[in-house]
Structure formats: C-alpha cells, structure tokens
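Right after this note come the structures.
Both complexes shown next keep subunit A, but they swap its partner, so subunit B is in the first and subunit C is in the second.
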Partner chain A sequence: MTRHRGRGMAAINYPIGMNLGGDPSQALVHSNPSGKFTVALSSIDLGQGMKSVTRQICAETLGVPVEDVYVDTADSDTGPHCMGSFASRGTHRVGNAVMAAAREARGVMMEAAAEELEVNASDLETDGRGNIHVKGAPHRSISVKDVAIAAQFRQGKTISGRGIFLVPLSDVDPETGEMSPATCYAHACLVAEVEVDDETGEVGVIRMDSAYELGRALNPRLVEQQLVGGAWMGMSHALYETTEPYYPDPKQGPRDFVEYLMPGPGDICPHDIAVLERPAPDGPFGGKGPGEMCANPVLPAIANAIFNAVGVRIDELPITPERVLRAIKAQGGARPQTRR
Partner chain B sequence: MLELRKDIFADERDDNLNEVGKGTQRQDMLGHVTGTSTYFNDHKLQGMLHLRVVRSTQPHARLRRIDTSEAERSEGVRRVIRGADVPRNLNTLLSLINFGKDDEPTLAVDKVRYRGEPIVAVVAESPRAAAEAAAKVRIDYETLPAVFDVEEALKPGAPVVNETYPKNAFTYHERYDHQKLRFGDVERGFAGADHVLEQRYQMSPIEHAPVETNGSIAAPDTNGRYVVYTSTQALFFSLDTCAKILDLPSNTFHFIGGTVGGGFGGKVDTLTEPLAILAAMLTGRPVRYVLGREEEMQFGPPRGAERIYIKDGVMRDGRIVARQIRGYFDSGAYTRLSSYAVVKCAAHLPGPYTIPNVHGDIYCVYTNRTPATAMRGFGITGMDFALECQMDKLAHLIGMDPMEFRILNAYRDGDMKAHRREAKNTALIECVQVAAEKAKWPIREEFRRMSSRKDGGGARAAVPSTPREPASARPAPAQQRTSYDRRLPISPSSEPPPPQSPAPAPAHGATRFSSVFGTRRR
Partner chain C sequence: MAKTPLQFRHNGRDVALFVDGGTNLLVVLREMLGDVTPKFGCGQGGCGACTVLIDGDAHLSCLTLAEAVEGRAVETLDGIKSGPTLHPLQRAFADGFAAQCGYCTPGMLMAAKALLDKIPQPSREQVVEAISGNICRCTGYEPIINAVLAAAASLRASA
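Our next item is the complex of A and B:
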C-alpha cells in the first residue's frame, strides 16, 4: 500500500447577477429624527451577509458611521421588490440599489445641513463620524443628529431616498447564441494537493492555495467566510456528495446525514487565499460577488491532482474511493506523474 | 488565511473609504451566536395545524384512483386537499419572467412523473396525526415505463415524461430542443489542429443540505389577508408564484422572511407556501408545512446532473483552436429553473479562454426523477469541472505546464468572447500568477510578465466568419400570461391545458416583463 501525493490546478471565471439581466432590486433608505438610518429591503440574508454588506455600502454613501445604519429585510409590506438572493446578485444588484437610495437621502441631508449652517450644500462634506462640516473649515460643523431634528421639526424635509438597479434584459440570438449575459465577472485560480491511497482508493485533500479576484472586497471577513466555506463545499462535491450514487439508476438514494456523505472536521485542510481587487465599473464601489464561484475551481483542481498523484482520470462526480480504485486497477497500478 | 493583494490593480481603485473594505462584524451576529435570531419555524401560532403531503411511490404512473376516505376519518384530521382544490393547479416558476410553459401541478391529478411527487395534502392537529392520516390514503397506480438517462430520453420512442414537452426537451426560441452557441468554424479548426481530444464528463445530482429544511407557516390575518413566514430565498418570487397558483391579488399576502438557515439555491422553488396558504384558507387556521430531512434530501430539488462532451483542437505550441461542447442538463420531471441554467451555460462557453472557433449545444432534458433546481454556481459548476479537467488533459497531451497553458489561452481585455461581446475587466492571468506564487509552483518569466490588460484585442477582437446552418421554420409563437400581467389573453382559452393533454401551448398575451431568453418576439 502506498499513499501518493499530487498537485492539480484549475482556473475559472464567473458571471455576476442573473444571466441576461432583467433582474431588478429596489431599496428605500430613511432617517429617523435622531439621524439613525434604516434601509428597507425585501432581499434575503441566507447567512451570506446581505444585511451587513448593504449596511456598509449605505453608511459609506451617506457618510455616516456604520452603527447609525440598520438594515431591515424581507417583509413584503415594507420592503420594496427584489428579485431574490441567488445568481451572485446580492452585492452587485442590491448594493447598487442601496447606493442609489443612500445618494438621494444624502442629497436631502446635505441640503438640510446647508440651511442650518447657512452655506451652499456643495461646500459641505461628511466626516464619516456623524458630522457635516464646511470643506476646509471643520469648526463650522453640525451633527447628522441635529440635521435630522432640524429637517423633521423645523424644515419639514424627509431625509430619505429611493433606489433601483436594473441591468436591462438582453435578447438571445437563436442561431448563434449572441447575447449580453453579464456586466462583470469574478475570477479564480486554485491549487489543490491530495494524497491518494492506492489500496483503498481514498483521497485526502492536504492543502489548497488560491487566488480570487472579486472586484472590491467590500467586507474582507465576509469574503473569507464565503471562500473558506465554498472551498469546503467544492471539496465535498468533488469527493463525497450525491443524492444518486449510481446515477442514472436512481436507487440507493441517501435519506439523512448518516447516509449522505460530507467531509467532517478531520477532512478539512489548510487553505491559503489571496484576494485580488479589480473593481467592476458598474459594481457598488467596484464590488462583484464571491458567493457562488468559490466552490467551482476546487472540483477540477482535485480531479487534476488525483491524476498527478496516481495517473488516473476520473471524469465522473463524485470521485468516490470505488471509482479511484477501479481506475487504478484498470491501468494496472498507480502511475505517479511528474511531481509539482 | 486570507491575504489582500492591494498591490495588484491598485491604479484602478480609490481605497480612501471609511466603511467599505472593513471587516465589520455582521449586523446579525449577536442573534446568530446566541441562538435568538428568528427563523420562520420559530413562529408557534395558536391553533396551528400541520400539513403533510402524500407522495408518489412510483417514478412514472397513471393515477387510477385516489381514496382519501379513511384518511379523512383519521383522528385529528381537519382537511384533505387534492389537486382539484388548487385554483390554478399548473405552473412553471419562470412564468414570472415569461419564460417557458406551465408544466407542473401543485398536486398531481392524473399522472405522477417522479417518485416523491405530491398527490394529496393532509392537514391535521399535530405532525403525528398528519403522518398517520397520510399513511391511510390509498392510491391505485398504473405503472408506466420510465426513463432516467438524458440521452435515452431524447431518443425517438422514449417514454414521454412531461406532456407539455413531448420530446422530453425544453423548447428554445419556439423551435429548437437546445440552446446553440456558434462562433467561427470548429470543423475547420479541428482540421488544422495538431491534436484533437474528445471526452465525456458526468456529474451526479447533489443536495443543497441546508441545516434548515424548506418550509413555511401561513396564517389568516385580519381583513382577509394571509401572513406567511417563509424560508424562501426570493420573497417576491415566492409571493407572486402563490398569487398565480391561488389566483389571488398579490397584496392578499404578507410575506415575512429574511433570515434563512442556508439556501444555496434550494429555496427558490416555493415548494411549501402555496399549499400552506391554501390550507389556511380552507381551514381558517394557521398551517405549518415543513419538509422533513428525508423529503428535503430526496424530493426537495437537487442540483441536477449534467452530462458533457467536449471536443478540442489544440496546437503543439499550446493554442486551443477549436472547442465543441454538447451538454445535457437533467431537469427531472419538470422545468423549474434548469431551462435558465442552459442559456447561462451556453453564455459561459468556452470558459475564460480566447478560442477562435466555438460550437455549443446545450439541452434541458426531462427524466422521471425529482425536478432539479438552482444551486450555487448554477449552470456553471459542472461545466467548469469538465472544462478544467479537459484543460489539464490538453496541457498534458502537448507537454505544457498547466499554469502556463491557462495563461497562454486566457481571455484578456479587448478580446471577443464567443457570445459576441468584448471581454472587459478580466483578471484570469493575474489569478493564475498569484496562485502559482502562493503554491510555489514555478512558471517561466515570460508567463509571469503577461497581463490581462496587455496584448488583448486587435485580431482577437474580431468576430470570425461563422457558417450559417439551415434555420428551422418558426412555428407560431407561444408566450403565456404571467402573474405580473392581468390582461386577458388573446386566445379564447384562458386556462392552461391540464397536464394530461398533449395539447397546444398555453394561451398567451402581452407581458410586462416582455419575454426572456429567446421567447421574445420581434
């Protein structure tokens, strides 16, 4: 019995948002009389961090601290329409809608501040800490809270904004497939190192190194969460999971997490990630979306690493020990390729 | 470990920001880590009933008789719901964006098309009472031949899975059983290539496996409205689907969701809301319908299987000169969203590479299994597996380093993509370079110096001459009403056909969202 090490790699890109566009999202932003803002959405937070990333986008655009913004999502009576949380569209589509709404609200806020300070709104700037002051004259300042009170009770202004983002729907040519599927793409390359047991066909993933280009990483912690979780999902998809182990024969389907295999904590490997940021011209602060694409390079990188380790190509997912062992036997034993 | 490479593309960014770019703690962190965040299933309402569906034991069968009399007398049962009780018992999810024909009943009426298809819903005082009553529903099946393999399903004489699409394939542009992509001339490319490699790839279905299974709770509200707590990933998508199936104005419903225990694409299909609301309407009480783990795993929609054939022509110097792809998406018994993934997949070809001749045919095929749906990387994940395994084989075939082979063929700013749009904002080369650096995988200096922003465009920006194939005759357009459009259809028949009739396409009318993905008329 020998355990063979091997390395493989894969490179991918991924379209952001619903294919062909035509998937709008709306946002409403308003301030209460103490200068605290609410973002109303009907978008869903599946755990990916929709509330957090739109909160940061809103705070940045308004020029107020993130603590002064709260995101309320997913009530069809109060949140305006959103197509949904899928297709890596949350950050890009909803983020842009929130930006547009926050920009409009900021406009009213600055007008109200200008009236209080008796200057032109164009001469004002926010300090990001809850104050508005005259450019170059920080002492001529008013807090966002005082502006909100003045707007509400003295000026009769509503510090609020509406936003929508829509990539217009593209046509598809029936004969050539000519179309405009997406406005921006994320990119990745991943290297996987595996160990293959030539007696059992078992594959262990030893480590991963990767580079992901995601536009701007609006919140690096949320990006990390997606990339680490996504790599686990990719590894699981490559080596463990299926609802039909003998597809296309539908028999022997698993019914619970005892029968449905997934990697446990002992199967997880170190993963060193680099994030590159080439801002998308139409993304909110250049953001694209890491949500879906992060699992994709892992599958082929592992398959290619298995070839490098023992010289067999497994072109069917999942790459079970049974498939690996049968392939090794069919070629008369492991044939390790040039070590990388 | 995560490292931000701020040095790369720095000239394209303004990093002078206050809040964006910070690793701020999540707004909902405290609730999540203390177990106090509210999910749909945390709403325990007074007088709440529990719904369970009776599922088909057969993959393909005619329903001779459905006997619910014993179930109705079972202890704690408040209502048994059958297909005839559903106001519009035929729908397709993407009718909301006017794509495809209604092909799936909420409760099967005359025929079942996959093992696990819902036939009857039982509403009872407790989950146990509902389960016991469900076991007492007697269904008399007449077994039909079933088909499980995508290529078998497309052969003449194969069992017809879904009468809405009698050839077992979704219809594109009202005339094709697949989506085409044509760019250049692959045959000429293969003829001039040093090597041609053709391979087959197969991906089996997988489960989304969220911790929280699909479910919803619907309750009568004041003033004739219904409040619905739901695990949906798409609030208005689900709301509008319910409005269509229940044939009620959308503002009858107040949907509340937003905090979901994992989705990954498996919570778009609106599996539970229509029956939960209907049961609440019929009983006047709150109704909870939540899938159990076995239901979620076997009858909740999976990521569908894909079978992919790739044929590539490559030169000894590493340039790929032609790529031909045939892909089959196994949609299961109904369309759900696979028809959309097919177009997205066609747009993705030939992967992030500039190849002068590309030819793609992608099919959405019906088989007698649980309908597939969206999942993380929808339309792309399986294709990327096939493409990148193929890339590794090609590099091996010509004796080139796989990193350098990717960089050589990578698309760059200004290149023409196969779907005939210019590549912009590309970064594949930089990702390969950085991954190689991180993994201490040596690549030659000339490949380390290449850039996505250099040497693209020019001759690479041209659309190559592409042979025209004889276009098929265009039959009468067959659009359909959407729930966004309440205008009367043009055709005298306003109801979609029942699932059993191999009948004409549903009536159609103008739509607010125009039409999508090739059903558009000009």
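Our next item is the complex of A and C:
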C-alpha cells in the first residue's frame, strides 16, 4: 500500500444575495431620550455576527460610539421585514438598509442639535464620541444625549429613520439575452493538499492555503472566524457528510445523527488564509459578505487534489473511501499525476 | 411508578429531590433544577453538548442515570464563573471567537475544564483528545483548541 500526496486548486466567483432583482430588507433606527440608539431588524443572527456588523454600520453612519447602539432582532412578527439570513446577504442587504435608516435618523438628530445650538444643521459635525459641534468650533458643542432629551421633551421630534435596500430588477437585453444576475461578487481561491491511501481509499487533508476577496472586512475577526469555520465545513461536505447511504442498500446507511459522519477536532488541518479587500461600490462601507462562499472552493479543490494524487475523478459527494477505492480499482491502480 | 429519593451536590449546593426510575441526569438538571446550561443535542451520546463533570470527570449527562450521581458532586457550566468574573476558559473562548451559534459551547467548556483541572498545561494533542467527543458545526474547532490553550496559558500566568 502507498499513500499518495496530491495538490488541487479551485477558484470561485460568488454572487452576494439573491439574484435578478428584489431581495429586500428593512431596518428601523430610533433613539430614546438617553441618546442611545436601537436598530430594529427581523434579520437573524445565528452566530455569524449580524448584530455586531449592523451595530458597527449604524454607529459609523450616525457618528456615535458603537457602545451607544443596540441591535434588536427580537421578533419577525413585529419587526421590519427581512428576507432572511442566507445567500451571504446579511452584511450587504441588511447593512445597506441599516445605513439608510441611520442616515435618516442622523438627519433628524442634526436638525434637533441645530435648533438647540441655534446654528444651521449643515454647519454641524459629530465627533464619534457622543457629541455634536460646530465645524471648526469644537467648544460650540452639545452631547447626543442632550439632543435626544431636547428632541423628546422640548421639540417634540422622534430621532428616527427608516431604511430599505432593494435590488432593482435586471432587464434582459433582447438582442443578447444578457442580464446582470447580481450587484456584486465575492471571490476565493483555495489550494488543498491531500494524502490518499490506495489500499483503503481514505483521504486526509494535509493543509489548505486560501485567498478570499470579500469586499471590505467590516469586522476582521468575524470574517476570520467565518473563513476558518466555513472552510472546515467545506472539507466536511467534501469527504464526510451525507444523509444518503454510503452503500447500495439504504439499510446500511446512517439512521440518525450518531451515525451521521462529521470530522472531529482531530481531523482538521493547518489552513493559511489571506483576506483581500476590494470594497464593493454598492456595499455598506464596501462590505460584501464572506458567508457561504468560504465553504465553496474547498470541495472542488479537494476533488482536484485527489485526481492529482491517484488519477481518479470523483464527481459524487461526499468523496468516501469506498468511492475512491472503486475508482482506483476500475482504472487498475493508482496513477499519480504530475505535481505542480 | 415509585419515585426514588436522590441527593447530590450541584455546583457546590446540596440538592434533594425525587426522581422516576430511568430519569437521566440531563432531565434532572434542566427540568427539575432549572439549570439549562447543559444542552440537549442528540440524546444519544453522540454530540457532547450535555457534558457535565461528575466528581471532576467529564460525563455525558444524557446517558447518565440520575440515580448514579447519588452522593456525588455534579458541576455544570452554570457553576464555573465566580460571581461576575468569567472563568479563564470562558474569557478565552470570548476573546478567541471560539463560539458562533454557541450550542456546543457549554459542553466544550466543561470538557476543557475537566482537562485543565487534571492537566493544567496540556499539549495541543491532549486538547484535541479532550474535546474529541464534542461536535461543533460552526467554528472548525481551530479557534476552540486555541482558546483552551490560551486559557491554560492565562492560568499559568495567574498561578
């Protein structure tokens, strides 16, 4: 028996959100009299960081400290509408809606501050630390809290804003049939190195090296977390996970989660990631979204690496030892390809 | 059905209750004592989300008969922080972004605590071994392994 090393590469182009138009999300932003802001969303944070990223986007747009913004995703019955947390759309779609809402709320906040300071709102700016002052004259200043109190109790204004992001429908060119399926794309390239045992058909992933281009990384630690976890999931789908039986007779297949195969902490490999930032013109502060595409390049890269190692092309997932072994036997043994 | 009296120590507090025969420890903790930090994942011992410590050893509470902990000390995630101060493992998990959806986190923390209580300075391999019965869908394990090693380092620094 021999263990063959192989290396494979894959590159992907990933459209952000649902395509061809529509895909709306709404956001509402308001302040209470303490000068703290609430973002109301129906978008769900399932651990990917939706709350953190929309909080950052709102604070940055309003010009207030991030600590003064609270994101409430409590209830999709009563909150503003959202299509959902999928298709890597959260940062881009919801982020844009939050930005629009925060921009409108900022307009009201600056008007209210202008009234208190008896100046023109266009002469005011925020310092990002919870104060609003006259441009070039920081001593003519009022805190956001005092503006919120004045708006609530003296001026009778709500410091609030509405936001929605809707992708315009892409028309079909009658001549060519061409249309614009998405407004922005994320990209990734990944190299996987594997070891294939030609006696057992077992595939081990030795290391991965990747580059992900995902617009501006609005929260670099969250992006890194997505990429590390997502690539692992890609590896898991490539080699392990299936709800379908492994053998021709369904009786031998997995019956429950105990028999559902997933790699454990001992099956991970070193993964070196480079994050490239090419801000999207229509993204909130240039953000696109790492989301699903962090898993996508791993599967074809591993399939290519297996071909490079033993010369068999597996086009069914997951690439189980049985499938590898059958393919090796069918071609009469392992045929290692040239290593590049 | 006859109920069985049961007494054990739950996070340093003595508890006494009556259980039906066949009740597992996870049900006692979550439904009778209201400690929902051990999670119900698979109910079959396949995922590790329900991990608790019994006399310092990591056990799957979904597969442990409640009566088996008579007179013993059961420790859950609910008991590992001291007052408002997080346990070094919790701090390291938070700082190291070692949780996403968080469902596996209580089990991971308890499995890791069982390790660090016995082996304060584990190797990476020992950490992997200690959490090998705990499944995580989101993180890819790498941040969890790193967080456990970071917690060990911070415990060493504060020792």
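Convention: the second predicted complex is superposed on the first by the 316 of 340 C-alpha atoms of A that agree within 3 Å, B and C clash if a C-alpha of one lies under 4 Å from a C-alpha of the other, contacts with A are read in each partner's own complex, and residues count from 1 in each chain.
Here is the rule we go by: a contact is a pair of C-beta atoms (placed from the backbone, for glycine too) under 8 Å apart; a residue touches a chain by one contact, two chains touch by 3 or more.
Every value quoted in this text rests on a predicted model; they were computed, and no experiment measured them.
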Open item on the list: Once chain A of both complexes is superposed, is A:V108 in touch with subunit B (first), subunit C (second), both, or neither?
Closed with: neither
Open item on the list: As a test of reading the superposition: which chain, subunit B or subunit C, is in touch with more residues of subunit A?
Closed with: B
Open item on the list: A:P254 in the overlay: touching subunit B, subunit C, both, or neither? Say first, second, both or neither.
Closed with: first
Open item on the list: On the A-aligned overlay, A:E241 touches which partner chain: subunit B = first, subunit C = second, or both, or neither?
Closed with: first
Open item on the list: Once chain A of both complexes is superposed, is A:M99 in touch with subunit B (first), subunit C (second), both, or neither?
Closed with: neither
TODO: Considering only the touch criterion stated at the top, classify A:I142 as touching first (subunit B), second (subunit C), both, or neither.
DONE: neither
Open item on the list: Quick one: is A:I268 in contact with subunit B, with subunit C, with both, or with neither? Answer first, second, both or neither.
Closed with: second
Open item on the list: Under the stated touch criterion, which partner chain does A:D209 make contact with: subunit B (first), subunit C (second), both, or neither?
Closed with: first
TODO: Look at A:V312 in the shared chain and tell me whether it touches subunit B only, subunit C only, both, or neither; answer first, second, both or neither.
DONE: neither
Open item on the list: Just to be sure I read the superposition right, which of the two partners does A:W232 touch: subunit B = first, subunit C = second, or both, or neither?
Closed with: second
TODO: Overlap the subunit B and subunit C contact sets on subunit A and report the shared residues.
DONE: 46-47, 221-222, 224, 230, 233, 256-257, 262, 271
Open item on the list: List the residues on subunit C that touch subunit A in their complex, please.
Closed with: 42, 44-47, 97, 99-102, 127-129, 131-132, 134-145
Task: Touch list for subunit A against partner subunit C, complex - done: 46-48, 221-222, 224-225, 228-233, 256-258, 262, 264-266, 268, 271
